[in-house]
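So, here's a batch of structures to check.
Presented sequentially are two complexes of chain A, the first with chain B as partner and the second with chain C.
After this line comes the complex of A and B, so read on.
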C-alpha cells in the first residue's frame, strides 16, 4: 500500500516537473482545446486526490484579481462616445484601465445598450447621460454613477461594486444580482431584483409589480410604494418598503423590524443620501413565509391552499 | 419567524443549526447559517477596512453576504467564484461569535480569491479571449 502511494506521489511529482506552463504568447497561438490540454486541465489524474480546498493562512495580502490592471483613482480621462459603437466603448474602457486610468467619464452615451459590462476591477466609471438595456451588467468591483436614466436590466448579474442611477430605471432592475449595491434614486419598473441571489437594491421612489420575484438572498429597500405581488415566491432575503404595498405575492409575509434592521437601513440609506427625514421606523419588512420551502412534501390540497 | 431576527450574538454548533432549520422546513438544506444576518461594523478587521478603502467603498459591499458556514462538519466559506466550499484550516482559532466568525470568513475569502492558486487563474488562461 505504502509503495503504491509512493509510486503515485513520484508520478505526480514527475508530471509537475515535466509540465511547463506555456507563455501567453504561446497560448495565443493555440486553439482553445490545445490551450486546455497544454495547461494540464484535462490530463491531470484525479485518482487518490482529495477534492476539498483549504484556505492558506499565509496567503499574500492582495485586494484585486491577479490579472487586474493596477489603476489609480486620481488618474482621470474622458471618452466622447458619440460616434462609437458599444463594443468600441467597452474595449476602450479596458485599454484605459491597462494604462492605469482609475476614473473614466463616458460622455454622450445616447442610450447605448450594454455599456460598461463585465468590468472585473476597481474603477470609477461616470456615465454622463442615459443608457439603454443591460447597462453595467456582470460587473465585479467598480463604482459607477449614471447621471441619466437606464433601460431594462441595469446591473443584471452584478457581483460587486456600487451603481448609482440619478434618475429612473426600467424593468428587471438588478435581475439576478449576486452582490454589491445597486441604487436608483428615482422610480423603477416591474420585476425589480427578480431572482436576486445577494447584494442590495435600493430604490428612492416606487417599484412596479412582482418586485423581488423568486428572490433567494440579499436585501431590497424601496423608499416609496411597491406594486402588486411584492416578493412573490421569495425563498429567502429581505425586502424593506417605506410606502404602501399594493399586495404581497405568494409566500411573502410581513416580519418585525428589529434594531439591527433599523441600524443597517439608516446606515445604508444615509450612504446614498436617501434617508427619509422621518427616519426608518415606518419601513415594513417583508420576508419569506417559507411555506414553499417544503413544497414537494405538501399534499395536493395544501398546495391549492397556498397557491 | 423570520431569520432576520437572529441577533447574531450567539454561535450555534453545526448540528444545532442544522437540526433546527431542517425541522422547520421539513427537508435537508445545504447551508447552515443565517443568510440574512447583516454585519456588525463594530467588529470589522483592519484587513477588511483596508480592502474597503482600496475598492473605494463605504462598507463591505458584496462581503455583507459572506458568512462562515460548515462543510462536512468543518468550518468553511462558500466561494461563489469556484462554486464550492473552502475549508478553514484547524490552525485558525475561531471565536464564539458569529459576527466575528463572519469577519474572518470575509478576510480569508478575499485573500483566497485574489491569490494565484485560485482556480479562476488557470481557467482564465485556458478559456479567455485573447
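After this line comes the complex of A and C, so read on.
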C-alpha cells in the first residue's frame, strides 16, 4: 500500500512539474524541441497551452519571444534557393537569424512551396521571384516583401508583421490570419481571408468568390471587384470594396461608410501606395447582419432538461 | 488531389514531349500513381495514329499463358484492321501491353474503333491524325523513358499525374481520356464529380461507352456527346459548369485547340501564364517555372472561368 501511494505522489509531483511555465531565461537556454516539451505541446501531455505568448500592453521591455535571436537590420545576406529544398531554405533562414542577420534576400524561389514559414522574429525578408503554396505562413513579426506572385494560402495564420506582394496571389489568401498587414498589389483568387480572426488584408486588384467566408474579426480591403458570395456567413469584422460586388453571401449586409472608415482607409492605402486617385468615398462597407447569431439558443437536448 | 498541366504554342512547334515531362515531373508530389500525356504532333492528314493497350500492366504477372494471349489479341486487331481496309504503315509494340499503329484509312474510324474494342481486354487510348495519348503507371520520368517522350515535336499537349481517390490504380483509370470515338480529342481533370452516376446512366442510354469507373472519364464522354451534336468546344465547357456537380478543373484538347473550365466554387487550383507565343497552365506555379525560368506574370483563373486557345 505504501509503495502505491508513493508512486501516486511522485506522479502528481511530476505532473505539477511539467505544468510549471518556464522562465524566460530557461526558455532561452532550451532548444526548440525542449521548448515545445516544456510548453506542453507534445501529444502525450497537452495542457491546452501553445507557443503563443501573451504580451502585456504595459510592458516596456519585452516585445519579442524570449528565445528570439537579436538581429541587426543592417546586416544583409542572400540565399540562392535554386538547388535547395524548402526545408533547407527555411533552416538556413533560422541559422542566419541566429548569426544576427536582419535582412535576408531569397533568390530564384521558382514557385517553391512553404518558403519562410514560422518566422517568430523581427526580420526583413525579401523574396525575389514567385512562391508556391503557403508562403510565409504562421509568421509573427517579420516584414516580408515578395517581388513575384504567390500561390494558395499565403500568410496563412499569420500573427503579426507585414507582407507585401507585388504581383498576383492565389486562393485562400490570408486564411485564418490573426494580425498584421497582408497586402497583395495585384489580384487574388477565391476565398480570400477565409476564417480571418484579425489583422488587415489589402488587395489592390480583384478578389474571387466567397471572400471573407466565416470571417470573425479584422478588416479586408479590396480596391477592385469582388466575386460572388462576398462575406458569406461572416460573424464579425469589416470588408471594404472599391469596385463591384457580384453578390453578397448569406448574412452579409452593406453598412454606411463613416468618417472613421474613410480616415482609416486613406491612411492604410496610402501606406502601401494603393490609394485610388478618386479617394475612398466610393468604397462600400460590408459587415455581418448578425442574423445567424444564435449563441443564446439551446440545443434540443438542453431544452428537454430545462422544460 | 491530382496534378494537371497543359501547354500550347502559337504558330510553331516545339519539343512538347520534354516540356510536358518537366512540368509533370514538377507535379509528381500531387500524385505519383500514374502519369499520362496527350500530345499533338505535326501529324499527317492522310495517316491515322492509333495508340492502344491490350492488357493492364499487372496482367503480365498472371502466369505462362499470358504472352500467347496477348499475341492472339494483336492478331485479332490486325485481322479487324484488314477487314476494314486500313493499310498499316507501321506497328510498334512499345510495351508488352501497349501498341502504336500508323495507318491509312478511308472509311469510318468510329466503326473501326468500336470493332477493335470488341476484342477482349483491348482499349483504344487514342485515335486521330495528330493526337498521341500515352499513359502508364509511375512518374513522368518513368513514363517518358519507357515511351521515348523526351523528344516529341508538336504544337500542344495536356498531361496528368494521378493520385487515385475513387477508382483503381491501373492504366484504364489513368488520365488523359480520349473522347471516344472523336478523333484527336482528349481530356484531363483534377477534382471529384458528384453527380457521376446519374450523368453516366444518362450518357450510357444515349449509346456512349465507359471503360472504367473513374469519374474523369465522364468528362471525356460528355465532351464527345457535345461534339456529336455539333456544339462548339467553348459552349460545351460553359454548359458543363452548369450540368456537372462537384469540384473540378479540367482541360480539353482538340487538333488545334486547348480549352479549360473551372467549377463554380473554384475549389481546384490552376495557375495560368499567357505569353505572346505560348500559353502554359498547371495546377501549381512550380510546374510552369520548370519550363520558364525567367520572370513571368501568372494568375489564378476565377470560378466558372472558361478559356479556349487556338494553335
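Simple rule for what comes next: the second predicted complex is superposed on the first by the 234 of 307 C-alpha atoms of A that agree within 3 Å, B and C clash if a C-alpha of one lies under 4 Å from a C-alpha of the other, contacts with A are read in each partner's own complex, and residues count from 1 in each chain.
In this section, contacts are C-beta pairs under 8 Å (C-beta built on N, C-alpha and C of every residue); 3 or more make two chains touch, one makes a residue touch a chain.
Model, not experiment: these values are computed from the prediction.
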{"item": "Touching partner for A:83 - first (chain B), second (chain C), both, neither", "value": "neither"}
{"item": "Partner chain in contact with A:227 - chain B first, chain C second, else both or neither", "value": "second"}
{"item": "In the superposition, chain B vs chain C on chain A residues touched", "value": "B"}
{"item": "Partner chain in contact with A:130 - chain B first, chain C second, else both or neither", "value": "second"}
{"item": "Partner chain in contact with A:36 - chain B first, chain C second, else both or neither", "value": "first"}
{"item": "Touching partner for A:277 - first (chain B), second (chain C), both, neither", "value": "neither"}
{"item": "Doubly contacted chain A residues - partners chain C and chain B", "value": "none"}
{"item": "Chain A residues touching chain C - in the complex, by the definition given at the top", "value": "110-113, 129-133, 148-149, 151-152, 167-171, 186-191, 208-210, 227-228"}
{"item": "List of chain A residues in touch with chain B within their complex", "value": "24, 27-28, 32, 35-36, 39, 41, 52-57, 59-67, 73, 122, 124, 141, 143, 159-162, 178-181, 198-200, 217-219, 236-238, 253, 255-256, 258, 260-261, 264, 267-268, 271, 285, 287-288, 290, 293-294, 296-297"}
{"item": "Residue numbers on chain C that touch chain A, as the complex places them", "value": "264-267, 269, 271, 284-290, 293, 295, 297-300, 302-303"}
{"item": "Residues of chain B touching chain A in the complex", "value": "1-5, 7-8, 24-27, 35-36, 38, 41, 47, 50-51, 54-59, 61-62, 64-65, 71-72, 77, 80, 82, 84-89, 91-92, 108, 110-118, 120-127, 130"}
